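Across the two complexes that follow, chain A remains constant while its partner is chain B and subsequently chain C.
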Partner chain A sequence: MAVIKGRDISFSYGSGKKTLDHASIRAEAGELIALLGCNGCGKSTLVRHLNALLPLQKGELRVAGLDARAQANCWRLRRQCGMVFQNPDNQFVSSVVEEDIAFGLENYETPEEEIPTRVRAALAAVGMSGFEKRAPHLLSGGQKQRVALAGVLALNPDIIVFDEVTAMLDPQGRREVLGIIDRLRAGGKKTLVMITHYVEEAVMADRVYLMAGGNVTAQGSPRDILTDAALLAQNGLLAPLPVRMYEDLKAAGVPLERCPLTNEELVEELCRFA
Partner chain B sequence: MPFCLEEVSFTYAAGTPLAVQALRGVSLRMEAGEVLGVMGHTGCGKSTLIQLLAGLLVPTHGRVLLDGQDINAPGCDRAALRARVGLVFQYPECQLFEITVAKDVTFGLKHSGLSPAQKEERVRAALETVGFSYERMGAQSPLALSGGEKRRVAIAGVLAARPEILIFDEPIAGLDPMGRERFLALVRRLNAQGTSIVLVSHNADALAQCADRLLVLKDGCVALEGTAEQVFADVEAARRLQVDVSTPRALGQMLTQRGVAVPAGAVTYEGLLSVLKERFCAGGNP
Partner chain C sequence: MSALPAGQFFPGQSVLHALDARAKLLGFFLLLAGVVCAASLPAYAVAFAAAGALLALSRLPARAVLAPLKRLWLFFVLIFAMNALFYERGDALWSWWIFRLSKAGMAQGANVAARVALMMVLSGVLTGTTAPMEITGALNALFKPLALLGIPAQEIAMILGIAIQFIPTLLEETDTIRKAQIARGARFESRSLWRRAASLPPLVVPIFLSAFRRADDLATAMEARGYRGAANRTHRRARPLRRADWFALALCTGVCALHVVLRVCVAF
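On to the complex of A and B.
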């Protein structure tokens, strides 16, 4: 069942230039989809429609069964679709972790006696139990993003959007956050949408969407999309390193057979040939 | 213009129960025209280091010397220092605020004493350096641009002051792969024109491509220092310091473990490609 079903979405920030131009997107329940595209292609604008941060100007969009055109659905969309953003420091409203996570629950009038349990469960889900009384701004980048994600999980949304959540993190922080996204995906209960510039992250997805010039230009499995260097170049993107290495070695006359998607596959292919 | 840190320590909130020592006796010498990469785990002291270099923080102990002069000594011309050392913060696009791109880029020159014509010339050149046309971009609102474009405008605002030394804090986070390549090309271009550059980044691939020398910080100390070839030679040592080695170096290590020997010096894409070509191309295959 499609949890996100968007057709021909167009959007302009007012300058006349269309930031989205008939973009279509679809995600099935429990799927992890990745959105790839160069800066300015409309990825963030598109996902900001999913929870009505931006109003639908043109086109059709249904999210978790709700019609995004109806103004009355705005608050329910916000509730069904949580978002985690790039800069963890911009996402905190409180100076105590547990209060920050409770903030959303309080606003949705969750019964007071339920709040502590849900806060604890959300922190446990991101591996941050024991950090209840800590100050969010004193945590590491990876920990901050996990707290931001816990704040979203506490509200139990059907859909979670990750807008370049690892861009600011050091290697360890990135691994922490990606580990949690992978775990959520394995749980199969949430529909996940991930915007990223890192190809290794897109490899995790069930399906990859390419965007360029406000449009969704291609979609398919990570392998189909990411090993197609020509398609990626047309969309202003660089193919993953293993793919480029494969193409360059082949051009130099090394008769490799299978185009690798990951570093491990590249090593495998080269060892087989050696 | 040698830029030096002499036994510099820095403690935040010194003398209070909240005191945190961020740097411990760091010494460093940077030569004119150098591109210095700085890496390290969150909280290792990278941001403190560059704020000390830019004169935004004053060392708790030790000295910061520019051309042999202590930049924190009484009587040091701070305004001149600001013009010589440009700092591009993390997410510089968050600092855009003017109603047009041209005004935003000009803002830093407000008190420079330059004539309006000179300022316009500076702004035009700065925008061109980051790949924008003054005519096409100058009158637009900086807030309506895409993330990558905003960042280039913000960088232009620092370039307009024509600093001799440019410090970038995590400049490629959030840029798409082409944007990353464009940024690295910009670094090389500025460096070729004589600008010394400090690049703070977690991105080992980018640093391997453009830094002359790397510095790895750990717990406020310099834990490793050398060329990318030297710093990434020992993959395990780098991991213990919680930094990634470049992807080509990691691949080289994996291949070596599997019996396809790749020298540790292959830290860039081109380096690894040429090793593999030599090994696998007709004639080179043992």
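On to the complex of A and C.
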């Protein structure tokens, strides 16, 4: 069942130039979809329609069964579709972790007695139990982003959008956050939308959308999209390292049996060849 | 960052941490009123003793609370010098051109510097022992009557809470921009006042731009988390003030009253 169903969405910020130009998106329940594209291609603009942060100007969009065009659905959409942003420092409203996580719950008038339990559960879900009284600005980048994610998880949304959440993190922080996204995906209860510049991160998705010039230029399984180096290059992206190695080896007269998508697959192919 | 930022909350188990935020906020305003009244040596002795006792009771790291005073030493010297040299009342001890040094001026300078220092210590103890959302909640409760006059009291409380939370981030940003400018030849440490002044705009402009960008991002993030204004939020039930809260308020009222008496009865 499609949880996100968007067709021909167009949007302009007012300058006349279309930031989105007939973009379409679809996600099934429990699926992880990745949106790949260069800066300014409209990825963030598209996902900001999912929770009504931007009004739908043209096209059709239904999220969790709610029509995004209806103004009355605005707050229900935000409840159903949580969003984690790129810079965790710009998401915190309190200088105490537990209070920051409670912020969203209070906005939806959650009974006061329920709040501490839900805050603790959200922190446990991101592996941050015991950090309740800590100041967010004193945490590492990865920990900050996990707290931001806990703020969203506490609301128990059906859909979670990750808007370049690893862009400002070091490798360790990226691993931590990606590990949580992977666990959520494995749980199968949430529909996840991940915007990223890193093609390697898109490998974990069930479906990949390529975007350029405000439109979706290609979509398919990670294997279909990410092993097509020419398609990625057309969209201003570089293929993952194993794919590039496969292409280089092929050019050097060392053809592997199949194009590997991950480092593990590359090792497997090389071992088979040897 | 080399120093802890002003306004930092330190979680703890002290007597002051346990007090209700409304009692602390009211007590803080009473003590501030007392400090403003202070104008004699006994009055300042009382005020400094009260501030010292609160700092000890809070079990906060004294260095962190007093650090802002150290950072602003030049400001204190300037306040004292301006008052000492430009105060018009009292007999002049020495005068030249527009400068006029007087005993009354020095007393006034010491007065102002001491009041500012005391206010900073008291506010450091308040923010150090009270979580920002507790302060927001207390301001909400105390500002409630203003809502009857159409003043958006809850929004004001929320703005204050967020402003406190953004202090460390903006200080960190300032430090980063400052280092970047130093790497490109800015002379913030120069002895020449002119050069230091000239190096400020390249620091201030990016800080403001960054603050606006952050404010924009934060507003989007708050909307995404369902913020619709303070009226549509969970209202934490205000628990009645306990005996300890009333006792603390009575003590603060007593100190404030003592200041008023000293103001009336004792000259500097």
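Going forward, the second predicted complex is superposed on the first by the 274 of 274 C-alpha atoms of A that agree within 3 Å, B and C clash if a C-alpha of one lies under 4 Å from a C-alpha of the other, contacts with A are read in each partner's own complex, and residues count from 1 in each chain.
What we mean here is this: a contact is a pair of C-beta atoms (placed from the backbone, for glycine too) under 8 Å apart; a residue touches a chain by one contact, two chains touch by 3 or more.
Because the structure is predicted, anything quoted here is derived from the model rather than measured.
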Joint occupancy of chain A by chain B and chain C, clash or fit: clash
Which superposed partner A:Asn156 touches (first chain B, second chain C, both, neither): neither
Touching partner for A:Ser24 - first (chain B), second (chain C), both, neither: neither
First, second, both or neither for A:Gly37, with chain B first and chain C second: first
Contacts of A:Ala274 with chain B and chain C, given as first, second, both or neither: first
Chain B versus chain C as contact partner of A:Ser12, first or second or both or neither: neither
Partner chain(s) touched by A:Gln219 [first = chain B, second = chain C, both, neither]: neither
First (chain B), second (chain C), both or neither touched by A:Met168: first
Which of chain B and chain C A:Trp75 touches, first, second, both or neither: second
Partner chain in contact with A:Leu238 - chain B first, chain C second, else both or neither: first
Chain A residues contacted in one complex by chain B, in the other by chain C: 87
Residue ranges of chain B in contact with chain A within the complex: 41-43, 90-91, 144-149, 170, 173-179, 181, 202, 242-244, 247-248, 250-251, 254-255, 258-260, 269, 272-273, 276-277, 279-282
Complex contacts: residues of chain C adjacent to chain A: 8-9, 11, 131-133, 161-162, 164-165, 168-169, 172, 214, 217-218, 220-228, 232-234, 236-237
Chain B partner contacts - residues on chain A that touch it in the complex: 13-15, 37-40, 44, 86-87, 140-142, 164, 167-173, 197, 199, 236-238, 241, 244-245, 248-249, 252-254, 263-264, 266-267, 270-271, 273-274
Chain A residues touching chain C - in the complex, by the definition given at the top: 51, 53, 75, 78-79, 82-83, 85, 87, 89-96, 99, 102-112, 115, 133-135, 137, 151-152, 155
